[in-house]
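Right after this note come the structures.
Next, two complexes with chain A in common: one pairs it with chain B, the other with chain C.
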Partner chain A sequence: MRIKSTLENYFFILPAVIIFAIFYIIPFLWVFQLSMFDWDGILPTKTFIWFQNFKEIVIQDPSWWQAMRNAGYITLIALTFQNAVAFLLALACDREIKMKNFYRAIFFIPPVLSEIVVGMAWRFIISDVDGANIINRMLVSVGLPQLVHNWLSDPKTALTTVALVHSWKGFGWGFLIFLAGLQTIPKELYEAARVDGASAWDYFKKIIIPLMVPVIVVVAILTILGTMQAFALILGLVGGEFAGHTSVPVLRILAVMRDSSRFGYACAQGISFGAILVAISFIQYRLSKRYREA
Partner chain B sequence: MKRLFLLGLIFCFLFCFGCCKAAQDKKKVITVWHWMTDRDESFQELAKQYEQKTGIKVNFELYAPSEQYSQKVRAAAQGKNLPDIFGILSEKKDFASFIKSGHVANLTPYLESDNGRWKKEFFTKALEVNEFKPDNTYGVEAGFYGIPIDVMTIEMLYNKKLFKKAGLNPDVPPATWEEFLAAIEKLRAANIPGLVSGWSEIWMIDCFASNYAFNIMGEKKVLDTIKGLIPYTDPDWIKVFDLFAQMRDNKALVTGVITMINKTAEQLFANEKCAFAFNGSWCVNVYKGMNPDLEYGVMLPPAASDSFPMVVWGGAGSSLLINDRSANKEIAIEFLKWLSDKDQQVFLANKTNNLPANKDALTGIPPILAQFADDMDYTTHPNIWGISEFPIVTETLDKGIQSIIIGEKTPQQVAIEVQKIKERELARKKP
Partner chain C sequence: MKSSIYYQTKKVAINFLVHLFLLSMVLLCLYPLLWMVASSFKTQATIFSDISLIPRQFHFENYYLAVSKSDFGRYFLNSVFYTISVVFGIVVISSMAAYAFSRLKFPGRNIIFTVFIAAMMIPIPGSFVALFILLNKLHLRNTPLGYILCMISVGLSMSIFLLKTFFDKMPRELEDAARIDGCSKLGIWRHVALPFAKPALAVVIVFNALNVWNEYVLALIIFDSKNLMPLQRALMMFRGEFLTNYPLLMAGLTITALPIIIVYLFMQKYIVKGVASQTVFG
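Showing the complex of A and B:
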């Protein structure tokens, strides 16, 4: 009877398992298999080379690691600046303020726009060559002409500009999730704290932050996964890798696959990249769990 | 029982009818996959004409942008689902892989039949791009594997109105590097930016650099470098890299040129925001759409040396290939013969402002396009060199030039870096 019941249960989840296997497990295994071949993506013959592609990534491909560093930098800005802005705006909108719903809608517009459109729109705003040069004009009009700069075509500022535009595009997601999290905090806790004479800082430190840790972890993991994989925005803003200054892993994988026709190597890059992202997410999850337990 | 019999009869009839219809359709329909957004309307019109003439329906299916088209073709090749006619947008090495995988038909017998009548219709260089010579390094059987439907050359363009404004003669564009830098100085004095091109697309840098490599050291030395016999640290290569440093130092390039896609560069030139552009003959159609009143001329890139003639990339335009596994191979070839005939080529040239691949169709093309055609004799293309550089070496070279343009690296540093990668790749490929 028990066996029958167990089989029945498995039977019910079978369609989901099949779909998951077809669309996730099998492609993953196939990509992993391809990562051990030297293959141009066209010829029917592939040369099995064991882990040579992975070895090359680790010791012979500085452009890959430069791309990883660039993506790490953009992610760092997204984790700090973008999420801080999202959190502060969520805090503001969690209060009883006028036009609350209007702000919520406005803040959620950038994330729903296509990355390439955002990239091109911001290029138009920022660029002094083929755009309206609005940022520089604003700097002049507020009396800061010394800050006027070619933001996108200077290698020193291009990546930071990309990171800030990415933050502008991405903060809406964090804002929504933070706001949803803030709304789950019981009002009684605030009232009890008010009775005890807590200051605004006490509310923030002793109620909001501890109760928001799980939400912060979710937002942080989503930010890392989303930002590390960004590339269309970069294409829209600076047209490509800009002598390596704005190269990111996905652009490298595309270049290797499309321009060099090294499909096996591109698969190995994809697998390595995925493994790094999983590792970062896992570490972050463990750290936050430890914090909550403490 | 009677009813069942009747139903069975109807089913059999429908089945047979369906099969016959499918078989009939299969015989009469050719499918062509292409990526040429600007030519799709004209292709559809030609397909209608062809159907009226022969009863054979031609389905032109557009897949754009070209990157997605390339991926689609590769995926279809893996699944052996390629259409009757298609094109590939890759390097010669990938072209060879398609052939070796049995996806592309050898068209030599068709081109050479009837005393080579079909072959003689084309510009030699246009056909050469689709040719594999005997004993080629790719291990492909010698022959012609594609039919060019148009050709292009990538040259320099200059704005005549801005030339006049800067006190330059609009009928005499600079012919030497020194004259070019002198013209840049005059243009700068008139507050007119110099040269624009979409150099975030690194293949365009490669194109510009190899023009000058041919001009400074000649074809043999360039090809010897690719073969690994001459290092990239050779003084002649340093001279090539140094031209970019000179352009940087003389402020000859428009700001942000290496973060610019070619479409943006085309807009700037069409809107008369700069005096020179480095662009392909496809630009005639683009500029016509952006600014029909644009007054411009075509010029070869100004020579930096008198040791060897200046060459430009060209000959290779859009080519169509026949799927060797296609059941419609013969009728597909007949269609390509018709498409490359003079009348259809004139129609395409006039409608799309692209240079025709058929020599006889040159009469009656717009004058600006004729200027591009005049320089056909000076063209070369990596696909006719018979050997390909390692893609990672080309990428390092192009990115190195980007670094020179932004003042991060010297020509010598770039040369050393490129040579290091070249040696690594040569060692990797050693048996």
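Showing the complex of A and C:
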């Protein structure tokens, strides 16, 4: 009777365990094994080459490191510019203000759209084919024709354009989490600070920021993890790696796998990239813990 | 002492500036989308001369062309089919598992649950490479079933976590009453637990639906046949084919984006909750 009951209980988790094991855990573990092989993904023979793939990534693959630098640059802009805008907007909404719900509803529209849609819609606004470029037209009409520029086809500005469109898509998400965090700060604190004669700046520096540190850390970690792995936006906006100028790690892995058929090497890239991401979020978590304890 | 009029004026001025800031961001959010919709009603000839947001003439033929000549109706139905299948699968499978993790006893319960949660927190951006080979071996690549099963596995962890925390709050008396009435475990899951978890199920449904509708990378490595592709994948193909036929492209984009925006506007509350629960893992 006991055994039958336990088996019955296993039945409840069985579908979840089977699907998760086959389509999530096995590929996850398999990546580690494949990363030590030289394999084109088709031939039955794989060549075991120990850590050669990883060695190649570190010392012989400048295109990989360029992709890492590019992703780092986009992430830096997302961390600073995008999150600063998100925080300011959240501060602006965290008060007795009309239309708060309206603002919140609108700001979260870009985050629910797909990266492909956002990339392609913005391409139409800032590309230079056929004189489409609305931004350039606006610059001309406000009397700044010297600033007219081919934003996407100039290697110098393409990556920054990608980063800004990415920020456009992402700020509403940070805004939402920051606002939720701000609303947990008791309003009595504000009253008390005012009675004590604290200025708005003091209140911001001594009360809001320290209380918001945990939320800021979570947003920062998720921004890093999300932005480093973003790539579909670039496909929609630019169309591809643009000779490396807009390449990012996931686009590299896809190219190595699909164009060069080097499956083992693509897995090794995936692992080293994943390890870096885990390390970053771990360091950030530790730092914030120390800050909170201090 | 400064007069109260001074403070009143200051307050009005600050409010004005705050609204100005917020409204300019609203404009920045909406302009590209309104521009996208407006352009989908223009022609290749007028799209660059008529830059107003309300076209002088509405050309619906772009939508007609997108659906009839470029098969967008087909891609749309594919996306709808994948989204409904995956969400249905996730709801059934994850709610059963979450109920067991919360209420039923069996050896290894905590370990298995931890594996589900931990796997989600370790990013391996290259696992789609192995998934590609695995699906080939199982003859599931380039099949709807392969895509649906993969997408279910992607959504499971979060949904199980969300539902388990909800079931943990369910009063024991509810179950006990059903058990006395002779309900089986499956019956309790179906008639007591599921109705109780409606708010959490709504979050799971809406959040996963958005996820599947917007998914790209698995659709890229799984599908070769055009007639199986979902919208996101079709858009990128479309982009290559009609790179300069902007009105047609914008019609395709609008077809893809509008359902999401409408669902979002009606289901806002649940999406906001989903985002909040996402941050728990940070």
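The definition used in the following text is that the second predicted complex is superposed on the first by the 266 of 294 C-alpha atoms of A that agree within 3 Å, B and C clash if a C-alpha of one lies under 4 Å from a C-alpha of the other, contacts with A are read in each partner's own complex, and residues count from 1 in each chain.
Going forward, a contact is a pair of C-beta atoms (placed from the backbone, for glycine too) under 8 Å apart; a residue touches a chain by one contact, two chains touch by 3 or more.
The model shown is predicted, which means the values in this text are computed figures rather than measured ones.
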Notebook entry, point to check: chain A superposed: clash or fit between chain B and chain C?
Noted result: clash
Next item on the list: Examine A:Val218 and indicate which partner it touches, taking first as chain B and second as chain C; both and neither are also allowed.
Entry: second
Check: What is the contact status of A:Ala255 with respect to chain B (first) and chain C (second): first, second, both, or neither?
Finding: first
Margin query: After the superposition on A, what does A:Gly239 contact: first (chain B), second (chain C), both or neither?
Written below: both
Margin query: Quick check on the superposed pair: does A:Leu152 touch chain B, chain C, both, or neither? Answer first, second, both or neither.
Written below: first
Notebook entry, point to check: For A:Gly41, is the partner it touches chain B (first), chain C (second), both, or none of the two (neither)?
Noted result: both
Checklist line | Contacts of A:Leu89 with chain B and chain C, given as first, second, both or neither | finding: second
Note to self: If we overlay the two complexes on their shared chain A, which of chain B and chain C does A:Phe124 touch? Say first, second, both or neither.
What the structure shows: second
Notebook entry, point to check: chain B or chain C: which reaches more residues on chain A?
Noted result: C
Next item on the list: Would you mind checking which of 44-52, 206-214 or 260-268 on chain B runs into chain C after superposing?
Entry: 260-268
Margin query: Using the superposition on chain A as set up above, list the residues of chain A that contact both chain B and chain C.
Written below: 41, 129-130, 239, 258
Next item on the list: Within their complex, state which residues of chain A touch chain B.
Entry: 40-44, 60, 127-130, 150, 152-155, 158, 237-244, 255, 258-262
Next item on the list: Please name which positions on chain B make contact with chain A in the complex.
Entry: 67, 70-71, 74, 77-78, 90-91, 93-94, 97-98, 100-101, 198, 200-202, 254-256, 258-261, 264, 267-268, 391-392, 395, 399, 402-403, 406, 408, 424
Check: For chain A, which residues are in contact with chain C within the complex?
Finding: 6, 8-10, 12-13, 15-17, 19-20, 22-28, 30-31, 34, 41, 85, 88-89, 92-93, 95, 97-99, 102-103, 105-110, 112-117, 120-122, 124-125, 129-132, 134, 137, 168, 172-173, 176-177, 180, 217-219, 221-222, 225, 229, 231-232, 235-236, 239, 249-250, 253-254, 257-258, 263, 266-267, 269-271, 273-274, 277-278
Margin query: Under the definition above, what is the set of chain C residues touching chain A in their complex?
Written below: 15, 18-19, 21-22, 25-26, 28-30, 32-33, 35-36, 39, 47-48, 51, 92-94, 96-97, 99-101, 104-107, 112, 115-116, 119, 122-134, 149-150, 152-154, 156-157, 160, 185, 189, 210, 213-214, 216-217, 220-221, 232, 235-236, 239, 243-244, 246, 249-250, 253, 256-257, 260-261, 264-265, 268, 271-272, 275-276, 278-279, 282
